[in-house]
Amino acid sequence: MQGKGPPRSLWERLGEIDYRWLYALSLVLMVIPILRPFGLPTVVSEPTKGYYKAIVDLPPGSVVAVSFGSSLALLDEQEAQFIATWKVYFQHDLKVIFYCTYADSMIILNEELDKIVKPESYGKAYGVDYVRLPYAPLGESGEAAFATNIRGVYPTDIYGTPLDEIPMMKDINDHRGIDLIHFQYTSCTDVEFVIRQWVVPYGKKAIITTLGCCGPMAAPYYPTQIKGFLSGSGMGTELEVLSGNPGPGAVMSDAKNLGILGLLLFLLLGNISYIGKKFGGKG
Amino acid sequence: MKVNFWEILGAWVGAFFVISVMTMLWKDNPYFRFGQQAIIGATIAHMVLFNMKNVINMALIPISKGQLLLIIPFILGLMTYTRLLKDYAWIAKYPTSVLVGVGVGVMIAGTLRGQIIDQVKATVMDVFAATTATDTINGVIIAVGTVTAITFWIFTREHTGALGMSAKIGRVFLMISLGANWAGEEVWYLTQMIGRLIFLIEVFIKGALLGIA
Amino acid sequence: MSFARRELPTIILTACGVLMLLAFFTPFEAFTTIKGTLTSWTIVVAATSTWLGFAYMSYAQYRMYQRNPTRIQLIYFITPFAFFSLFLIVGISFPGNVSSPQYLWLLSSIYQQVGATIYAVMFFTLASSAYRTFTVASIESIALLLGGVIYTLRQIPLFPVFAPWLVPVGEWILLVPNVGGGRGAVICAAMAALVVGIRTLWGKEMTMVEA
Amino acid sequence: MIIRTGTYFDLLFLIVLVIASWYYMNKALRGEKLPSLRKIPAIDAISEGVGRSIETKRPVHYAMGASGGQLYSTLVSMTLTSIAFLKYISKLCARLGSRLIVHMPYQAESIPLIETTAREGYLEEGKPEMFRLEDMRYYGQGSLTWSQGITSSFAQEGVGLNLEIGIFYSDCPISLEMAKIMGGMNVGGTGRWIMVYAFAMMCDYVFLGEEIYAAGAVVSENPLMLSGIVIEEVGKIFVFLLLAIGFILAAIGMDVGAFFAH
């Protein structure tokens, strides 16, 4: 793909390797651990520990509200986070209200709960231990509305049953019935929604899950305003390790460990080329 | 294992499109071009479906129930189509004006506090609300970064002398920030790539092709 | 006619903008109601105009085929319309419409896969751009290189196992110099956006006046 | 009170900018001299790129971002700036005789504004016959289809100059890098800081962050638009002033958080 010109020195050629070699090398390095996982070690970071602690410290029977706004195209980055977290909820006898804030998220919620997490396998019953509320485009004002009047935003669950007829929801209609807010989002600046609408006005305990690139935006709020956060599949893997719930994150982490090496090698070659051209003369 | 026809077909169709997109990294080819044309049709239909649903739920049903004011935005929406008629194209300026007017109002209100006043406040508090010496030093570094970065965007003076030095320091801060942003996104995309490879290997090759999932 | 073509749209624009500002700066409920009405209108206007994109896409496809009437171009011409029809028909024919299992199958087999792959492909485009630009050529490019590489290594699970210092250094880069530079950038971009906004409400923004 | 509590500082800032706008826009209208501006190299690169496109017989591509047609969001100013660039590039292409392909955003409601602007560019240069409606491309919703569409267009029709200015999310890394790989010249920028890295790393000439607004005013060659840059500088001085006041108040022990909450 590079242009043809006069004969080039070794240094120049090192800096102009066809990108497709970089692509191919990275692909090969990623495929190896998928075929044969190594189980390389994972260090659990402080925000993940805080996240886990915020959940397991809740007394059994506490209510968690999960504001769920994930997208189908971003599932690779977040699936490990959801699955591990939801398993922890059911393992610790917490009651969970899932509410969907993005069109795709209802599809993901149903798929992951029914096919992977399977609350019934923990002895949990729908309507008694957890509920699923459908998609509504909440945004920040919608989050504020949910915290003050759940029925105003979600009159029914995803099956069309009025909330008043669901045993678990009988006495819950606003933030007073919620013990922990779990905010899940993919647009980095949305982190402020949970701070402004749950933490500041009601002093609610909050945890968040988001994309890897949104970690920088979430970090300033930890640990004062949010008790912990998972950004990206790497931290999803950390939670899998910490909670003893192996899941999709482990293979991802192995493949990441190796997959990045191709890029690092090319960065090295690029710099050797630069230094060589500057100080080495003709190669 | 019970073989589900639709799951297997889904794996084939999914793999077809995944590989189609990936081939563009190699070079342009008819397979990629076909996939690209297909997805244009699919996404426009997806958008049309959701938007039509919004028009029905947010305008037509309420209008039929007597909320006649909603005729105005509906007509404004229809006015955008005058762009297709040479002599009446100017009518499309009306919906644009309403949208931009509302947009500018929302923007001014949101920007003043969130992106200016609160940022100034945070810069001061990073220094003075710090509880340890390290946090104070970090706060000072952040303040230096903020101020020098702003000086980089001063256009009415040439960047020489003290302003030049400040702008240069600001540029270093900006570059570190750009590098960190690159890294945040690169690792996320790496995960996405691995996810697609897992799909191709586990779901398509092992599941649909070899039947050993 | 000139008034209807030029002045009146500008007056409407300014009125809408000022009403939104009044809703923000004053405590009067009436303005808040107007704001709510106008913002919900914008969704209806945008949603109603959705077929316009289809019209432009169709015209471009048709002209491309007309200029190059080969068999392969005919396939490219037909394909978007075929998939458009497929999604539209499935999306309205089954009970539940866009929530029907049939539509969801289409969505997860095509839409989700292509979406996820586009993000995946970006790994490579970012990698090749880094190979070109992450060099030790100047102080600025070294800053870019350090910011990028250290935070990358911080996020890959294996590296902090062997180099625990990557965790605090990576987080320091994120929370200190990154915040400093980024904050300056945000303030300046906001300032420029405000000036454009004020000029637009004033009826002096040339892009709106001339168009 | 007729002013909502908690918006005093916002209003004060807005008033400062409005007064500065009134003063400098009037000055510009009277034809008085405004302060000269430092050079932004990427502006000259645009005409260089159009020249190169003509030499290599490849088209110029212009993109505002897959989601760059936001008219009623907080990013509307960026949309208007991309429209200013669209006017400039269409005039330049008409004048120099280059083909221009515009990759439109998915917001269909912005199409009238975009098409009118591109068409007027050609009209103002006296070459309306050069405008080709089929070169206004539309790809449906989201960055996925947009990235594919623009890449396909580069491959099929070639790429000389690729100018990308506007609201960009995860859509620019593919289009910019593919243009580069296919031998195109990239010039561009966005006001969304989180995506500026892609432009800085993939463009031959970049408008860093706020530079897109300043450059948008310069290319408009309109004194009113140019006065905007001076107005921004007044705002920046006011920011420095607020910072100084904040630091002084904090140093004497006042609660700055409460102060700025007004």
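Chains: A, B, C and D, in written order; residue numbering restarts at 1 for each.
Criterion: a residue touches a chain if its C-beta (ideal position, glycine included) is under 8 Å from a C-beta of that chain, and two chains touch if they have at least 3 such contacts.
Remember, it's a predicted structure, so these values are computed and weren't measured experimentally.
Averaging C-alpha coordinates per chain and comparing to chain A, the farthest chain turns out to be D. No other pair of chains has as many C-beta pairs in contact as B-C. Nearest to the common centre of all protein CA atoms is the CA centroid of chain B.
Inter-chain spacing, taken between the CA centroids of chain B and chain C, is 4 Å. Taking the mean of the C-alpha atoms as each chain's centre, chain A and chain D sit 32 Å apart. Here the CA centre of chain C is 14 Å from the CA centre of chain D. Centroids of chain A and chain C (each the mean of its C-alpha atoms) stand 21 Å apart.
In chain A, the residues that touch at least two other chains are 19, 23, 26, 73-76, 212-213, 215-216, 232, 234, 256, 260, 263. Counting partner chains per residue, chain C shows two or more touched chains at residues 24-25, 39, 42, 45-46, 49-54, 57, 107-108, 111-112, 114-116, 118-124, 126-128, 130, 132, 144-145, 149, 152, 155-156, 174-175, 178-179, 182, 185-189, 191, 193-194, 197-198, 200, 208, 211.
Chain contacts: chain B has residues 21, 24-25, 33, 35, 39-44, 46-47, 50, 77, 80, 83, 93, 95-96, 99-100, 102-104, 106-109, 111-112, 116, 120, 123, 143, 146-147, 150, 152-153, 174-175, 177-182, 184-188, 190, 192-193, 195-196 touching two or more partner chains.
Interface of chain D with chain A (complex): residues 144, 181, 183, 194.
Across the complex, chain B is touched by residues 7, 9-10, 13-14, 35-38, 40, 70-77, 80, 106, 108-113, 115-116, 139-142, 144-145, 148-149, 151-152, 155-156, 170, 173, 178, 193-198, 200-201, 208-211, 214, 229-230, 232-233, 236, 239-240, 242-243, 246-247, 250-251, 256-257, 260 of chain D. Across the complex, chain C meets chain B through its residues 5, 9-10, 12-21, 23-25, 37-55, 57, 72, 75-76, 79-88, 91-92, 97-98, 105-114, 116-124, 126-127, 130, 139-141, 143-152, 154-156, 172-191, 193-194, 197-198, 200-201, 208, 211. In the complex of the two chains, the chain B residues touching chain D come out as 21, 24, 27-28, 32-33, 35-36, 39-44, 46-47, 77, 80, 82-83, 89, 92-93, 95-96, 99-100, 102-104, 106-113, 116-118, 120-121, 123-125, 127-129, 143, 146-147, 150, 152-159, 174-175, 177-179, 181-182, 185. Partner chain A is touched in their complex by these residues of chain B: 25-26, 50, 180-181, 184-188, 190-198, 201-202.
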